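So, here's a batch of structures to check.
Presented sequentially are two complexes of chain A, the first with chain B as partner and the second with chain C.
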Partner chain A sequence: MVEVVGDAATVAVLALATMVPITLAALGEIVSEKAGIVNIGLEGIMLLAAWVAAASYLEAGVGYIGAYVLGAIVGLALGLIHGVLSVYLKGDQIVMGIGLNIFAVGATILGTYALWGVFSNSPSFDPMPGLIVVSGVKISPLVPATIALGIVLWAFLQKTVIGLRLRACGEDPRSAEAMGVNVLLYQVMAAGFSGLTAGLAGAYLSIDYQGVFAKNMTAGRGFIALANVAFSGWDPLLALLGGYLFGFFQALAISLNIALQEEALSSIINTIPYLATLAAVAVVARRRVRIPRWIGRPYIKE
Partner chain B sequence: MSKGSRKLVEMRGIVKVYPDGVKALDKVDFDLAEGEVHALLGENGAGKTTLMRILYGEIRPTSGMIIVRGKEARWRGPWDAIKAGIAMVYQNFRLVDALTVRENLLIYLSSLGVSRSEAESRIMSVAEDLGLSIPMEARVEDLPMGVRQRVEIVKALSGGARVLILDEPTSNLTPLEAEGLFRLIEKLKKRGVGIVYITHKLREVMSIADRVTVLRKGRVVGRSVRGDRFFSEEKLASLMVGEVLAPQRSLGEPGKDEVLRVESLTVESGEGVIRVRDVSFKVVAGEIVGVAGVAGNGQEELVEAIIGVRKPSKGSVYVNGVRVRSARDFYRAGGGFIPGDRVRALAHELSVADNAAFIYYTGSRAILMTPSRVKQLFHRLVREFGLKAMSPSTPVGRLSGGNQQKVLVGSEFLRGFRVLVAVNPTQGLDVATTAFVRDLIVKASREGVGVLLVSTDLDEVLELSHRILVMSGGRVVGELRRGEASPERVGVLMGGS
Partner chain C sequence: MAASRELLLTLASILVGLAAGALVLAAGGADPLKGIYVLLTSFTYYPEILLVGASITMLTGLAFAIPLRVGFFNIGGEGQLYAGAIVSLMVSLVAPYTPFPGLLAGFTAGAILGFIAGFLRVRLGVNEVLSTIMLNWAIYWTSTYLVIDVLADPIYPHLTRQVPEAARIPWIPSSLLGPLSEVLPGGVPIIPFISIAVALAAWAAMYLTVPGLRYRFVGANEYAALSRGVNVDYVKLASMTVAGGLSGLAGALLILGYSYRVDTGLSGLAGYGFEGIGAALIGRNHPLGIIAASVFLGELAAGSERIQVEANVPAELAEVVSGAIIFVLAALSGLKYVAPRLLGVKSEG
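On to the complex of A and B.
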């Protein structure tokens, strides 16, 4: 009995670590979608940033902080490119996101081979030391940072005038423009921010959570983040909850695999987080959430 | 212009030539003084809105001069105009529907550099001064059009506007809301606000304008001040249209065959509220039956039940003797429909040809479209209905309102029907197009079509109907024959006695 309780506690703590990438990327994407720009390339941005962070840590000796910064910069740059293409060149946001995802898979495999001579992964290294260790799980500084960011973004969107102006862009850019909002600028900035958080999420995966870059290591987390955006109903506070929930199922799968040590079962167990995502989104689809009305469509001035 | 009042703005010799060579405005002069309502009257496409968008900084004039309080102004964009105290209230309001009133006002005022607390107090003082109650916490989308318009006006004034441009301000309002607007305009005048009132409705000019400038095809064709000999509906109408319209219309003789029968129809809204209560009537071939009433008294639900898109909770509808249970039944039995809302009825991003084909093939059993027929459809719209469109592939959204209506009405007429249900068929149209559409309806009835004309425009119902059913609170509260119907009698019934 004590053991079960202990295991449950471990899973609950481990979930704090697994929630970070899903939640961070979702938080940025909420801001971006509130401004009207969808980036389904989160997965790709995370993967590229994870690679850049690992590579710069291993090969350039920039340290953990340096690797985080570089990962974030890559994310920001990709987010801004996506923003500029969507906003000024009126590109199809979905197609560009898909392109980014496909590109990231190929580019990181090639990069891995170029640097380390294998296609599968980088050499392992010690992940960034945690702040504190609870139940054998290290708590990265990004855990409290992510939670704080969720609260700050909620306040930003709901309580500040700038947040209000940003929301107006995703609802009705024409009216927003008529009320003096520089819609295109807001949208590009928001898209850049979404890239930035996805970049941080990716860097977290390689240098903080795992201590390695592995092929396809994001494993759909970018898409789970998108599911979390919908689950939250574009509310950063609920995205924290959703992120923890999705993180919990990932942690559960990890713990079950360790506990059972059953090779045959592990593939099935690994599907738990994805099935949970599916279930959560299906439930949300029945709830009526307020989707930003001008989402994913380029705003073309008269 | 009332004597001694200062000029707020003056426009001199405004010319606007578009890149494609179309001359939208030709040496137009316009001015506005404090505390007056200056109506800008003209048909659709006469250049009224273009002229005001120039004043508002949205469009740059090709040549000409704008003078604001004695100084020449050069706008780089609307915000220069807004900062100089000129605000425009568009026909389709520029408010973010999903946000609350407060949030909308905050966005606008913050763009003007007004702090949050200052914004609150400004809004409150403007609303209080005008005696308006503004539901600050309500989402814009939940508000009636009349209230949204008040919000727009409060928005403009709290931003410091002294010149208010109202673009067709009553087009989305119920008659009651329009009354409220007129009272508000009176109050604004007293406070020295100058109002430009863009309209094509003569009656509104007569009731609130102090001065009127008439535009036709980009030129000023007349000016008049309240009290002078041109200030009459007839004079202004002839200036505006350039020809005298036949005032009275003779209708054909209705036949004998019953083509539409509605039997004790009761319709509920989605929430279970009864919107149509036990309504029965019939329409015979060649007869035009008008349905009059204030918008929202069950007409919309009645029409939806007749054309088969809303299931009645009781009663039945027959078209040419066929019971209507679905829209398909309605169209296949020979029904025709002109919806009241062309914004929703047309796919704005799709081409004229696609929209026309979509309407034309309604209820058709055809599997494939015939390209030659679609092309022919477009040419017939141009030839027979006077549609002005560059090509069949022009998106419908690019057309003017009048031309959009021609696509909607024309395609349905080309499809053909034996019973026509028309809802506000001339809403938002200019005088010439209105007359054209009304002619079409009368002509169809002469050829044996039975018409149910549902319109909130009382003049239209009176002009076109053999019989008038008056709806109030979901019931038919009265039936008047042509000859015995007058605006007063119908009006009394509409009020719900």
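On to the complex of A and C.
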């Protein structure tokens, strides 16, 4: 146990690496939900983008940056599709997300088998090199980028006219329309942005964090990102904090498993991030936050 | 919306879903039309997969449909099913006399999980999509622990011990099947009949009883129900608890009536919870529709198994198709707002 406590610094640094996907996806989703569009298909988008990034890196030789770009493009495309179907066809936002998640699990397994002949994972490769290494933990450029994005999005939503218009779409689309805001366009763009960040988060998992694509490797991170959105009360700055907190639980489970080397106990330790996330959301749930009022509902013009 | 138009939309979604499957098959180098044909017509090759898959999916389908009507998304069918399966296995090892204690324990285990998610939502406002997914993963890892550490078979450590003979749900032997015994040399499992009975009971409870009336009242208009003195929170909590119980029962039926054991990766249990969502949506959240939709999804499972064996495409093809169907169904669900005249309904906007 002494070594475990002594490794507290490592856990704290490792949490910076584990926070990236859940924070990035949460930041995009905050923007989307502020505009009124919910996408619970983040998990599926992350998984598909993780596969595309790994596949393009391994098979197409596009390099790390190219793989990131392709993962982001896949995410953006899926986000835009979700947005267009939600906004123009008034599709059921929650159920579309469920469908996408189920589709993504199957499609990535089929893709893995088609490319590499196995059901479970791609060949492993060297993950993208980091900026620096602290306490034996690689710090990816996406760590500072994620933190910067949180700050920029806070300023964008709170301090800019476009941010105000976007929030109006999720609060009261009729009034926004009367103000001259193109509500439907704003919503599609916001949904696309959410897909883009989820795509980056997925690509991070495969080419930057782990150096492999593995079946179901998102392991609920898309939903932890959604937990983070609720935890933050739709505030990008608090989402940075929440992302670090939830990332910390994951880092703790990883470090405990490495320190204890106890195969049986490892399964129990693996429950920590999920139960802690649920507990954290339950604790803050009573706080009355301003939920965007028009969230998840189709806006039908008169 | 008129029932015939709903059916039309469902069929259209199924066609698009199958088209997505065909695309995937074509991308993988297989003949897409032949693949779809095989996907839809393989029940004679794998009748057990169809029968068992349909009976399990029927229950997890009800587990999604019942809370949905009162506004809750129970995405926890997966974890509730794992819990029901593992707990019923444990009970059958402790009390190896009849299947009943295991069935009851499986139902209870799932019901507790459903209750937790319902309670967190009703009392604390924790979104049930979040809580059920987090519980799914917590249960997945807890089950893995139990499978590896507590229930492992001394001879085959990657499997658990088996449900003792006396605690199994019997099969109808093929000798009693007459002409069908050729197709079903192994006999017929009883669990499909149990599942159909449960689904019919759910239908009767919804439409013929007073609590069922309250439940439908809350589903139709919870504010009106509240003003008429219905305890809305109680109805919602009860619907989540029953739903969890049905998924747990599904897990128990799977273990006690078909697979008798679990592997360390839980691969024999995985996927049924999510497939239930498809059954509920394709079956339009109606118990009778869910029965039909489960048979369709059971056929997809049998077909994708055959495609895996013959054309070397992973059986997850079934997930691609059902995921696509769900997605398209959801995408088209807003047509009543966008094109009311096309559907022959008055605008609800």
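One rule holds for everything that comes next: the second predicted complex is superposed on the first by the 296 of 302 C-alpha atoms of A that agree within 3 Å, B and C clash if a C-alpha of one lies under 4 Å from a C-alpha of the other, contacts with A are read in each partner's own complex, and residues count from 1 in each chain.
Here is the rule we go by: a residue touches a chain if its C-beta (ideal position, glycine included) is under 8 Å from a C-beta of that chain, and two chains touch if they have at least 3 such contacts.
All figures in this text were calculated on a predicted structure; none of them were measured in a lab.
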Inset, instruction - Evaluate whether chain B and chain C can sit on chain A together after superposition, giving fit or clash. - result: fit
Legend entry - Partner chain in contact with A:Arg290 - chain B first, chain C second, else both or neither: first
Inset, instruction - Could you tell me if A:Val281 is touching chain B, chain C, both of them or neither one (first, second, both, neither)? - result: second
Legend entry - Which superposed partner A:Leu164 touches (first chain B, second chain C, both, neither): first
Inset, instruction - Determine, under the contact definition given at the top, whether A:Ser135 touches first (chain B), second (chain C), both, or neither. - result: neither
Inset, instruction - Considering only the touch criterion stated at the top, classify A:Val181 as touching first (chain B), second (chain C), both, or neither. - result: first
Inset, instruction - Based on the superposed arrangement, let me know which partner A:Val95 touches: chain B (first), chain C (second), both, or neither? - result: second
Legend entry - Touch count on chain A, higher of chain B and chain C: C
Legend entry - Angle at the Cα centre of chain A, taken between the Cα centres of chain B and chain C once the superposition is applied, in steps of 10 degrees: 80
Inset, instruction - Classify the contacts of A:Asp172 with the two partner chains as first (chain B alone), second (chain C alone), both, or neither. - result: first
Inset, instruction - Quote the smallest CA-to-CA distance from chain B to chain C in the superposed model, rounded to whole Å. - result: 5
Legend entry - Residues on chain A engaged by chain C in the complex (per definition of touch): 40, 85, 88-96, 98-107, 109-110, 113-114, 119, 219-220, 223-224, 226-227, 230, 263-265, 267-268, 270-271, 274-275, 277-278, 281-282, 285-286, 298, 300, 302
Legend entry - Contact set on chain C toward chain A in their complex: 20, 24, 27-29, 73, 75, 120, 124-127, 129-131, 133-138, 141-142, 144-145, 148-149, 274, 277-278, 281, 313-314, 316-335, 337-338, 349
Legend entry - Touching residues on chain A, where the partner in the complex is chain B: 161, 164-165, 167-168, 171-172, 174-176, 178-181, 290, 292-293
Legend entry - chain A-touching residues of chain B, taken from the complex the two chains share: 78-79, 82, 90, 93-99, 103-104, 106-108, 110-112, 116
